[in-house]
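Which chain is which? They are A, B and C, in the order written, and residues in each are numbered from 1.
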């Protein structure tokens, strides 16, 4: 009875699939069954579904706490699944996977998901125009924060004296970025409150309103579950990499990044399909901003807690691919409109970059 | 009598000059006369004139076949002279000339020809505004396709594992770009058909309408002639390089690129002079898109046919100059207007880049 | 009596402070008192105040000579203090300081001063829109001139054959940029004349009108004084660097650059505060254009006069930071509006880049 009232039918269905995936993942992990690849694939799917569920719970919690708090809650908790995966990867000394996951999450959003939104939106609705200054502002914040994030990697690549102090420089950059992010929250709360009636209602998927207790419970359960599944997923990573003969960099950049982050952003593609290109852009580009200003800096500061020393020094090609992708994406958005061909080209660019990391 | 009706006086004149140049080129080549530099200069001029004639014939053919087919015909045949030159260069193992020609064709268009259009258009008409979204879309496709094209060169420059698989990666990138280009043709056909009455008539040089048989004949003759002249031109290249003490890179980047491609784009400068900046932009920037999405990938796939192995691995400075020029050109176009000083600065930038390749 | 009439009260005050700073600077220099750091700090402050005074005198002279001449006078004399500092640094063989000062002046303007203008303007006035095409044109000229300026550094970084001819290539680039700058002056004179009544009056700080003899005298005195103070400042630089344990690069990039150039641009921040964002942009971005097109080329050509051989070959990280900062700044301006958060992020980016040069 109760479920009928608080969940929509489609929510119940995706909840059921998530539960099944998590259980299957637990069974293959603890039962040591399914060989080397299946546990990895199943836990990856479970992780993606949990990431989506955490996103949905945060949204529901935001609805209840008032629009103002959504930004804070979302920033603090919405990226938990990704944080867990990278922390477990660091604990297992999979440094290259950890770094590649951060870069891959940004790349997947600015090339693959944005490209899909342009492709699907353009194929359905023809040329789409984005007019909201807000979409361009998110874009700018992404460019500025990624530019700040890559400075330690640049010092390393170019063999400057600071290259020998990568941990100190990474910590300094992380503290500055986190302080900036904290400073931006009050404004984003006020802004969300003002926009509340407009874009939020217009843009969100049709969803039932969850009561506060349910939102909190769902968020807690999904977060705890995502911590467990992250552990299993990372445990399955090394055997799967060996079995599939892929490189650590490719695994992190493509597979882990998409499982941990990009699936959630499919909502952006749906918005483009429904001809709400401005809102789609904001949803898709908000995530890279949070990764650059919050997740990556937090990992630098938290990594000693799992006995690792994570820095912002990226391998050279990741650094260059990241800068190139972000500059290209910003210019594409500044153009002011999109069509399917631009989308297809961005997806192709993503495929080419991914291919370049294929070799180990 | 007939000539009077199908050719305008200016067409007859340029046709005559082309025939004379081709004959002079043949005489110096087969007669082994004229020393080391003259045959090269004459065949270079003949090639540029033939490239222009191929362009004119493709246009005339398009007029007859209906606007829809122009895009396909133009893509397939309009770049033939350049393709021939690079293939003959590859056959003669002049790899650096071949690579430099591809890069130089793009550089010449986005800096030199675009700069000339801004300079001439601005000096004649003052500040020129471009308003058509179509010009910005061509620009974006150029940025995206060049970004995709340079990934193999980046893997090589940054010594990643993929750097050891440059041929495989180049082939993968080429197939993806060609597929994308093929997918874009139907839309560009439809678009051209819709635009036909407007921009085409307004923008084109005053020209007589060639009957179908004449357009086909001219195209066939000009294409075959350009294949021969390309051979002679490449044969004269090495002696001329030695005599003039220039580097292979400079020869390809500046001389071959301008002879094989850029002269044709002078029509873009004329359009800017006549205060049609949007159409000028489209003409000038269409060519780099075709080079990045069609000519370069085709050369990668066709190179084994002439016993060579062409890849997309560019020398580092060409790679960086290409990216820098394209990003600068895109931002200049996105500005929305142009003046003579911007044009003069772009030409200066081209001259500086060319100077940087002067030393061997 | 006379002073009352030609100077405003605030002018008198800042003139007094400047005189005191210059005298204090002379005393510590010739008296060898104050240890290693104090003389450096005092002469740095005196230099910044003199740079501001030279700027004010040039403006006053422009008012008298007619608006048309302001551009020429300003370009020729307004950058004198910075030129003196770098020439004295070159004379003392502090090559890294000299190079870093040039790069740092551009970085400080496009990240720190522009960021401050956005932060202060946004905090006071909310989102600010810039609509004038003139602001975007200055931006473009900055992008184009910096792109031209960095070509010699690129050839060196990428180990091309031209890397061995850095002095020849730097001289060629300098001559081309200076020629372009000279060619742009007549147009900027005409433009200033046309704009005169509008922006100049609206934008300038409330100032008394100086008679011609006073403007000329002030300019001469301030210029000669800035030559002396530059000498003292550079003499104090090496002891201060050793005492403070900072790197030569950091000293030039941050300290010398801000003392020699950026303080003058504080007027841009004031304009943003008074909600004149278009004019603020123009003031702030004009300076990097003059540095790239005039000061740096002039130093290349003048350096033999002080027995040094200055080239445009920048250390790798300065080159990349410069390109990154300029591209980011151009995109931020092209966005068409600004807010305090963008400003704060740009300042953070500046702080991070400065930190990266901290280690010696």
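One rule holds in what follows: a contact is a pair of C-beta atoms (placed from the backbone, for glycine too) under 8 Å apart; a residue touches a chain by one contact, two chains touch by 3 or more.
These numbers were taken from a predicted model, which means no experiment stands behind them.
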item: Chain contact topology (line, ring, star, complete or other); value: complete
item: Residue-number overlap at the chain B/chain C interface, same or different (half cut); value: different
item: For chain A placed onto chain C, the superposition rotation in degrees, Cα atoms, nearest 5; value: 120
item: Distance between the centres, which are taken as Cα means, of chain C and chain B, whole angstrom; value: 41
item: Where chain A touches two or more other chains at once, by residue number; value: 327, 331, 334
item: In the complex with chain B, residue positions of chain A that touch it; value: 127, 247, 315-317, 320-321, 324, 327-328, 331-332, 334-337, 339-342, 344-346, 348-349, 351-353, 355-360
item: Complex contacts: residues of chain B adjacent to chain A; value: 133, 136-137, 139-141, 143-145, 147-148, 151-152, 154-155, 158-162, 164-165, 169, 172-173, 176-177, 180, 183-184, 187, 323, 327, 330-331, 334
